[in-house]
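Heads up, there are several structures right after this.
Shared between the two complexes below is chain A, which pairs with chain B and chain C, respectively.
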Partner chain A sequence: MTSEDVIPTLELREVSIRFRSQPVDLIDRVSLSIRPGRTLALVGESGCGKSVTSLATMGLLPRKAATVTHGQVLFRGENLIDKTTTQMEALRGNRMAMIFQEPMTSLNPVFTIGDQVAEAVRRHRNCTKAEARARALEMFELVRMPAAAKRLDDYPHQLSGGMRQRVMIAMALANDPELLIADEPTTALDVTIQAQILELMRDLLKETGAAMLMITHDLGVVAEIADDVAVMYAGRVVESGPVDAIFNDPQHPYTLGLMGSMPALAGRVQGASRLMTIPGSVPVPEAMPPGCRFATRCPFVSSECDAARPSEREVVPGHRVACIKAPLETHFAQGAA
Partner chain B sequence: MSDVILSTHELHKRFTSSRGVLGAPSHIYAVNGVSLSIRRGETFAIVGESGCGKSTLARLLLRLLDPSEGQVIYEGQDLTALPAAEMRKLRAQMQFIFQDPFSSLNPRMTVESIVGEPLLVHGTLTRKERREKVADLLRKVGLRPDHADRFPHEFSGGQRQRICVARALASGPKLLIGDEPVSALDVSVQAQIVNLLEDLKEDFGLTLIIIAHDLSVIRHMADRVAVMYLGEVVELAATEALYTTPRHPYTRALLTAIPVPMPGARGQIAPLGGDIPSPANPPEGCKFHTRCPYATEICKTTRPVLENAEAHQTACHHWRNLPPLGTDAAVTAPRSAATEARFALYRDAASKAAGHSK
Partner chain C sequence: MTDASLMPAAGATALAPRKPNRTWTKLKKNRSAMVGGVVVALFVLIALLAPLLPIPSPSATDWGKIRLAPSTEHWMGTDEIGRDILSRMIWGARASLMAGVISVMIAVMIGVPLGVLAGYFGGWTDQIIARATDALLAMPFLILAIALAAFLGPSLTNAMIAIGLSAVPIFIRLTRGQVLSVKTEDYVEGARAIGLGHLRIMSHYILPNVFPPILVQATLTIATAIIAEASLSFLGLGQQPPLPSWGSMLATARNFLSQAPWMALWPGAAIFMVVMGFNLLGDGLRDALDPKET
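Moving on, here comes the complex of A and B:
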């Protein structure tokens, strides 16, 4: 079965988004594709546009402040850009659901967690209160909440961070969504709790067959959970491909810089005593470089990089990179002056 | 001069909260009998998950908080017995870097007045000398002297943390404590600050105490590591020893929980179950027994003390009988040849680019 045979659960085709009063498209022709049952990790640092991309997919960007200037967001082949607010509301929390980073602020402090999950069910299903509550209990058991029946009547403040994130996952999965969007779902959690939640998410995706768009800055989390990876920088996808290709054959200078600055990949034990760094910081929209947006921080930069946006090239089938100097070894020799 | 710059003896900190008018006051046991010795010139790390008391301990070390019991000895002086005025003088030698560079800089002060304030408080410099010193400090932390007249909001997170570092260095400290100094920053910027701290430590002959929850950053920076759980130090060892042969079940769980940035590098591991118990109502005996896979009856009743365990110090009744871990507990990701080669190219190009700009 090739990728052309299946309709992707989610496909972004050259999506551009511009915020009012900004001179350039913040998101610039981003294309992504997630097939059913697969997990795509969208990786990048803060300000690279990963959260804006996911909010746009869900139709959650404020319509007055941000406009999609180009492209299509296709959910099972249907373009979401043309949908009305009401149509999007029917989809959200139902066929597509979202998990946010901070579980405390995403739960309503004055309702019990059982009521909140039941409400998510009743919002999209024609069922009685008792049925919704039964579904909530079923979901709590699915996310392995200890003493689930007792927990239904707890308020969010009575739960730990990890438990709250389980509630968020239970709520997101309550209506059997085809697509789950998770925005840094474990970033606020401690490392032993993060391990629990990642394992849970992996198991649940396998059980439900849902596709997931996972937004994260942590390459460790990516390696744990993703099938495919898209690396974003300043509103563009600079490199994308299967997870093994990205980690074993990283092509884009930004991907390299990101990996090299992770201590786990460049520990003292492995010889290099200093971490690799990416100098400077992400450019602001007012000072976006004309060609490649990474040009201001790239150690391999030359005048050609500013001439035009580098086109995406496929280095091996499925592994694409947007850098005119890739593969780097054909342009640079180690130690050469 | 003694080899130890700072030590603590049986340090305790309890916070009391009253529950309304009639309720009995409840205690939060944040730090419970911690005894440590920090050696001159080392980088000492204190790690643990949220609620383990690491930030409270850091504040106790500089007496930003007063302990409920116990002592903090700095260069032979008991800080807990020192009058406020003396303590203030001593603070020039011990400085703190906070986690959040957004809330720890006054938005209405210019960089010059922020970095210059410790000089004003602790020093006797004239205005002109102070300005020169600030310019010098800014250069040392990788900022430009003309940044001095700007305000904090004009800087990115990484640059703000550099300002915090410059301010901490201004009074000429011997000891620098960083409470999660890089965890609010992006990965690539984290690396810049880690490198900066390592350079400055050399240049200024500092002793560094780093509080962190990110174990991979610690492995890169620290000489010795203390692992805390619910207010107690459960294991203390030299960094490599701790990472390769952890002796405490909690340390093991913590290390194996770190996601490895290489697909498939970490085998299937069973994550630690349960949550950290509330510090207001900690379990009896070994505090870890509620989550420990090796817990037995003795763990529920008797608190283990920190004892010597083959170059480690560990507080576990069963450290001798733990099953072998196989390989390195914290798996380091093996890199492919292609990645290795491109990393080398990147380093080459980066050092050349840095050379050009200088």
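Moving on, here comes the complex of A and C:
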């Protein structure tokens, strides 16, 4: 494969973001890369910075409160950090689009859903109202909205959560974006609808060839839809790689905790028999550990962990881990000996 | 048209809108709101029909019929220079209602955009607008209106401008507060995510969603503005003689309370009725537009 030659649809290079009045960078040198047609899942618990990363990519962070202090956000090779507000507005909803977590509140209650999808079309295309409406109908059919033509003139409150999320997807894809950012698109839906929406998104991505950044904390969703995974903890990417590598051979202690796949290894660590939950909680910005940010909760912590930020190491090509004890197996072999 | 009204059942099934207007249904069920609505509608109708009604001119004097009590000839009696009070009441309704509606329109047209700007942008825009609003709100509404009217000079137009300007801060503050809560809604973020600019978001995503409470406040403020116009006219700062207004009629009637109490009774009762009508209607609208109440 010549995958290295292709310009990634989205590439974050060591992006740091600091919020005003906070002592440390909330997002600390995050690097990600999504190639055309691929789906990257950004995984982590609440407050780890997943959503901030996605909003920063879209240029939707409040400019007064948050600043990108380091790094580049490259969209098809163009640095988005340098773009003006107007340039970003021309990109948003056009070449890059976003789906939000809460379909129940993400649509304007006073306009029909047809008008709202048409609005996204008219914003970026030179077309008449009728053409925009036709495009909206086309999109409704694409997202398999039952009785699409009748639904055009419905108001958001007349639709179920799953239907509204279909509208959101229709709106996001209306201008054939190259990048789709989905911020927990299925979290607010019930399980059967989740499966339908995920299947729909997978099919649509295949049809349109768009790349997707999927934000989620649900590993089931990751397994379902992602090609690659990046695990975030307290504002840093701690582990990244192809989905199979992460699921079959998680290397970072935090990923292990997330997977709940500890028992086999845990038996060797001070007799702990179950580690299905990760003890403690995410450190607050005021009390960030100086070295590895997971050190306060890590079962394998040692004094070196606090010395410096652990550098990324590649355990196998494409699978990177930011832990000084990686690969874990070698360290355990030593520890057991 | 005629067919539809003759066959409501058939028309309803064929053309029934899929979303029945919930607000209207709720408003219709609210008896006091409907009473208020009918009272207001009645006064508006009378005011509009004033030139067509078979009544004497409101400024025609008759020195032989001074301060007559209500009779079949003069239903509401006559005033101190023999003018027909019924006619003056009807023509005065125009001044009062116009003052109420136009001054509130002035207040809404200035206050709402400023409130949207302050709430949406925040920062120094908000600081300036909000501080100015606080300063104006520190002055009692009527005192401010009297001061402005005196400054602008006595006329009905100036009275309306004065009342309108005095009511501006009420709308700025209300709108700003509503915008602060609406602008954090997901659909506003969604609008930004499809690349819409500030102007479009303010006009299509913020304004329609803050509108219901503004409508309620406007209805209630019309009542206040009518009283304010009556007060200004009472003080000689509103409608100028010989043109009639309820406020100036009250002011004159004050001198003849013992000899001709009806001169004060009619305008007083009319002001009371219209103000009550607008208040009932406003309260009803508030309940009907509140999504939490069923």
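Note that the second predicted complex is superposed on the first by the 317 of 337 C-alpha atoms of A that agree within 3 Å, B and C clash if a C-alpha of one lies under 4 Å from a C-alpha of the other, contacts with A are read in each partner's own complex, and residues count from 1 in each chain.
Convention: a contact is a pair of C-beta atoms (placed from the backbone, for glycine too) under 8 Å apart; a residue touches a chain by one contact, two chains touch by 3 or more.
The structure displayed is predicted, hence computed values, not measured ones.
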Have a look at where A:Ile193 lands relative to chain B and chain C in the superposition and call it first, second, both or neither.
-> first
Which partner does A:Ser33 reach: the first (chain B), the second (chain C), both, or neither?
-> neither
With the two structures laid over each other on chain A, which partner does A:Tyr155 touch: chain B (first), chain C (second), both, or neither?
-> second
Chain B versus chain C as contact partner of A:Gln22, first or second or both or neither = neither
More residues of chain A are touched by which partner: chain B or chain C?
-> B
Applying the touch criterion given at the start, work out whether A:Thr208 contacts chain B, chain C, both or neither, answering first, second, both or neither.
-> neither
Should A:Leu107 be classified as contacting the first partner (chain B), the second (chain C), both, or neither?
-> second
In the superposed arrangement, which partner chain does A:His124 touch: chain B (first), chain C (second), both, or neither?
-> second
Could you tell me if A:Asn94 is touching chain B, chain C, both of them or neither one (first, second, both, neither)?
-> second
Touching both chain B and chain C, residues of chain A | none
Contacts from chain A onto chain B in the complex sit at residues 45-46, 160-163, 190-196, 198-199, 217-224, 226, 243-244, 247-251, 253, 256-270, 272, 274-279, 281, 299-301, 328-329, 332, 334-335
Residue ranges of chain B in contact with chain A within the complex | 49-50, 156, 158-159, 186-192, 194-195, 198, 213, 215-217, 219-220, 240, 253-254, 256-266, 269, 271-273, 275-276, 330, 332-333, 335-336, 338-339, 341-350, 352-354
In the complex with chain C, residue positions of chain A that touch it | 58, 60, 64, 86, 88-94, 97-98, 100, 102, 105-111, 119-120, 123-124, 153-155, 158, 168, 171-172
Residues on chain C engaged by chain A in the complex (per definition of touch) = 18-19, 123, 185-187, 189-197, 204-205, 208-209
